[in-house]
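Each structure below is given as structure tokens.
In the two complexes that follow, subunit A is the common piece, with subunit B as its partner first and subunit C second.
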Partner chain A sequence: MTITLYDFELSGNCYKLRLLMSILKLRYNIVPVDFYPDRQHKADWFLRLNPFGQLPVLKDDDLILSDSGAILAYLAKKYDESGQWFPNDPAVTAEVLRWHAVADDITSTASAARLALGFFYDFDIEKAQKGAHRIFRLMDEHLWFGEREGRDWLCSPDHPTTADIACFPYVMLSEEGGISRQDYPALRRWTDRVRRIPGFMVMSGIFPAGRAAEES
Partner chain B sequence: MPSIDPITRDLWQVIAATDEVPVGLVEITTLLDVRLALTRDNDGNPVVWRRTDEEQGDEIDPETVLDRLPVITGYGYIWTSLGTPPKELFPIPEYAEADRKNMSCGSIGLAVSAPRAVENFLDMGHFPYVHTDILGAEPHTEVKEYDVEVSEERDEVLATRCKFIQPRAAKSATEAMEVEYVYRVPHPFCSVLYKSCPEDENRRDVIAIFLQPMTEERCRAHLLQSMIDSTSTITDLRRFQQTIFGQDKPILENQYPKRLPLDPRAETPIRADKSAIAYRRWLSQKGITYGVIPMAS
Partner chain C sequence: MTLSLSDPTWYPIASSDDLPFRHVYQGQLLGRELAVWRADDGNVNVWENRCLHRGVRLSIGINEGGELKCQYHGWRYANRSAGCTYIPAHPADAPARRIQNRTYPVREAYGLIWSAANDEQAFRPFAGAEGHDWFALRPMPVNAAPEDVLAALAGLAPDDQPADLLPGLAVRFGGTWYFVQPVDAGRAVIRGLLREQPADAVATLRHYNETLSKLRDRLERAAARKPAPEPLQPTFEKLSADLATMPDIAIPRGNTITVVVRRKWTSADGVIGFELAARNGHLPTFQPGAHIDLHLPNGMTRQYSITNGPGELMSYIIGVKQESASKGGSKVLVETVREGDLLSISEPRNNFPLRRDAVRTVLIAGGIGITPLLSMARFLDKSALPYELHYFTRAGEQVAFRGDLEALHGKVILHTGLPRAEIGTTIASALGQWSMAQHVYVCGPGPMLETVRDTATAQGWPEESIHFEYFRNDKVIDNSSAFDVELARSAMTLHVPSGKTIMEVMRDAGLTVPSSCEQGACGTCLTTVIEGEVDHQDVYLNRSEKASNTCMMTCVSRAKSARLVLDI
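Moving on, here comes the complex of A and B:
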């Protein structure tokens, strides 16, 4: 098999796939796509891969896939021998997909604010920030109650799933969109746990978890 | 609205990469708290004016814009001024060398003042921690002694003999090398660095950061690369630089206060900050007050 990722370094959606492939120890090639400033994701050659004009795109031999959440599910189902990252249990599958949908809402709020402030996209910054805070509040509550019940991750299994990978990047990059995570302690503790998953890798703008907690 | 000191007002200020401004369509931006609109005419020449009711993407006939701000193009960018600018931009002679790959690397918004961003660009101490395994790696964390002067003749800060061990100094690097840097600050909000080129030991890659002060606490970073690299594509080279810049961004945006304090007692420098000390003093002597916290007089 040959996996090729059409990738932009500063894209959180592309990073989701780099992160899962790093955790699953998959080898892959990168084709850099100049999303900014050159807008290559709207160029003819890219639209032939994905008519929706969105990153990321992943090619596995001749199979061409788009949408980060769909590709996370594909990679997990195909290459995760443990079966943990996208579990088969119907109820858990539904939970995971529910959080994949939340991840898309985080993209359209937290990531939109980041694109507006950092890359000068013509979006309503205040509306995007408000939307992100609403989601972060709900996630913080969900995670806080989870901690009380001994659940560390977004879904009910006692291990992370693609739901955690899907929601993680644009939560971590939220400050670039002017969205502070100061008021969401359980959300912050969850981001630390994600950063300690074996095989975790960073992207520009996301730093590794501190060493102190590991030692304590 | 904060007052703009006369030095800042009369400087050329960068506002956009020339090629990225479409012909006949309005781009909007902010410079020194002033709302600007810009476009390019049919010959590709930029036109810049104070924005009134124009919106991003509006169609416009540039001929109808009568009240224009001064414009100069240089190093792939459009520069304007709110005052009376000098005849020319500061020189970067290497840019004209025929075999260089010159490129913009995107204009990126930063929630910090322009002088803070210049100062971060001058700093080597953060390489191993922020640009881990690219521009630095533990245990090679020491910033060795280097020289700093303010050139009277060119009116710029110059740091030379800056050396650092870098695992991956450039896109073209294949192994770790000790890299020598020269930094110039030829404009209060711009810096140019020259670093050993992995491909040709007799020449140096040029990377410049041009900051567009939008407000006193917000700026737009325009990055220029002028590289000796016969194998990488523009997309590859941009990606390398954006990776580095994306790592700097959260660190910069967490600096407090967002304006740069010029009082030497405001923040405690270490030996590695020699260039920053010279930069702050130079800004102070020039009388720059925009985007800084001036020394109490």
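Moving on, here comes the complex of A and C:
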């Protein structure tokens, strides 16, 4: 098997795949795609890989896949022998997919604000920021009650799933879009937990958390 | 009502549950952002949310248990004092003691963390606080003016049970207390407390959460129709120029601190432990390897290394060797000082700083020399940095601080009762061949220091990778010169003849000069030089400090020029 990731270093959606592949200890090649400023994701050669003109794209031997959430599910189902990252249980699968959809909403709000502020995209910044705050509020409430009910992650299993990977990057990068997480303490604590998953890796703007070792 | 930046009222700023193990919470009170973190000893720190170095938020930093590490350039600050304990860009230096972040008063009570913009008011429990098992609700941030939030909360009270408005933006009705945290002019957090634990905690939390969410939505719709209030504009104090640059050397300021002997115990055969506690609050920041001067009842001053780990500032623990009574110092301490006695100590000084950028750190202790190395091991331990601690004693009963050593997670190797010849080979294999970024720290008797230095050098360890602290100056002092000293502050000029030290001449003239070892090893008599060329003969100052010609030890060093001007 040869996995190739068509990647932009500063993309949170590409980072989702780097993160899961790091956790699953998968080896892969990277083809850098200059999303900014060169807009190579709209170049002919790239559109032949993904007509939607979006990063990331992943090639596994001859199979070409796009959409970060779909690729997360593919990698987990194919390469995660533990079966924990994308569980087979129908109810849990539905839960995971529900949060994959939230992850897309986070992309269209928090990530859009970041693109507007950092990459000069012509988006409605205020609308994007408000949208992100609305989602973060719901996530904070969900995670706060989770802590009371013994649930550390977005979905009900007692371990993280691709839902956590999918939602994590643009939550962590929200301040680059002018979206503070000060009002979301449970969301902030969840980002600590994600950053303590064995095999976690960083990207520009996403820092490591302290260890939670020697708890006594 | 308008909010004031200087409002001294205590407000809740977080729930106790918001501060789990090794987390850094981001808060705000009256326009000032806060980094809030609980150390492993349970203490809660409320600090200004910016690193003194480049202003980056400390709330994205790393809680290392006893220190908070800034994410940007790795400056570390100590639990309780917020004093800087390490600067990675100056790995071989101890940061100046006065580098200290802004802290705010803090109290943890009734399931909440309380703080205030200044310490003008002592913390007082709210009326009716005592005697109940308080239950904290889910905090509810609201984008509305705090006074509007308070009014709306009062409106939640049923008609037959009107709300009591309490001091400090609080309201009560029935068994429910609501506190409004004034985050900023247009932002607040509702922090509710129930007077007793409910039967079904989660159902109760969900019920109140729903009520408060609706209240929040209503308040935010109303706030959106009004012009947004101007946010508070806190001013950030600028750093002084001497803080913004690394000092060449820290001149001791001669301040002493009174401590209580809280505990005195036999730590091992021949080693007495002393716990020296602050009388109120905490003791000053120290770095691993630091020592204090202990002013003894008989007028003598002796140096003892601090054995504590990071952020342990409520007391310093030192170890005193029982029979080292050569000049009567330790003898007085061991024989006459009792628990409950008051002693005077200096602020901590560090001539033995620990680098935290090594790929391998070897700590070698002989006998009582364990004390600074125990502190170093504890710091490395908390940061999960690798180290090997070799501790040589003549017999197993002489192993001091055994329980503390057993609590370490790193490699601790006890070498007891080795014959002299074997000590050398053991040190040689403990050191191994040097490679990049390896450092060795040694503290112990003179011959052991020499063995480690010689062996390390023979095995390729460069001078700057071998760290030790002199407790004795073995150089032959050349006291043949004769010169004049002008004491700038005392308006006196004295002649120093050959055969006499500057210190002796000053004392003959009636001046009080602090000293301890009087052989150029301890640093007690460090003096600022204003003019003249110094003939350094001490082992306390390093090469660059000597070359700076700005300070000297008056107990052994002399003048190359005919005249010296000292800041005395």
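Here is the rule we go by: the second predicted complex is superposed on the first by the 210 of 216 C-alpha atoms of A that agree within 3 Å, B and C clash if a C-alpha of one lies under 4 Å from a C-alpha of the other, contacts with A are read in each partner's own complex, and residues count from 1 in each chain.
We adopt the following convention: contacts are C-beta pairs under 8 Å (C-beta built on N, C-alpha and C of every residue); 3 or more make two chains touch, one makes a residue touch a chain.
Worth saying up front: this structure is predicted, and the values here are computed from it rather than measured.
*Asks:* Once the structures are superposed on A, label A:205 by its partner contacts, choosing first (subunit B), second (subunit C), both or neither.
*Replies:* After superposition on chain A, A:205 lies in contact with subunit B alone.
*Asks:* Where does A:138 make contact in the superposed view: on subunit B (first), on subunit C (second), on both, or on neither?
*Replies:* neither
*Asks:* Once chain A of both complexes is superposed, is A:125 in touch with subunit B (first), subunit C (second), both, or neither?
*Replies:* Once the two structures are laid over each other on A, A:125 reaches no partner at all.
*Asks:* Once chain A of both complexes is superposed, is A:49 in touch with subunit B (first), subunit C (second), both, or neither?
*Replies:* Once the two structures are laid over each other on A, A:49 reaches no partner at all.
*Asks:* Per the contact definition in the header, classify A:182: touching subunit B only (first), subunit C only (second), both, or neither.
*Replies:* A:182: touches subunit C, not subunit B.
*Asks:* Check whether A:64 is in contact with subunit B, with subunit C, with both or with neither, and answer first, second, both or neither.
*Replies:* neither
*Asks:* Can you give me the overlap between the subunit B contact set and the subunit C contact set on subunit A?
*Replies:* 207
*Asks:* Would you tell me which residues of subunit C are touching subunit A in their complex?
*Replies:* 14, 17-18, 20-28, 33, 60, 62-65, 69, 71, 138-139, 141, 189, 201-202, 205-206, 209, 384, 409
*Asks:* Please output the residues of subunit A touching subunit B within their complex, sorted ascending.
*Replies:* Against subunit B, the touching part of subunit A is residues 8-10, 32-34, 36-38, 40, 117-120, 122, 175-176, 178, 203-205, 207.
*Asks:* Given the complex with subunit C, which residues does subunit A contribute to the contact?
*Replies:* It is residues 141, 144-145, 147-149, 181-183, 185, 188-189, 192, 207-215 of subunit A that touch subunit C.
*Asks:* Give the list of subunit B residues in touch with subunit A in this complex.
*Replies:* Counting only subunit B, the residues touching subunit A are 17, 20, 29, 56-57, 104-111, 220, 234-236, 238-239, 242-247, 249-250, 253-254.
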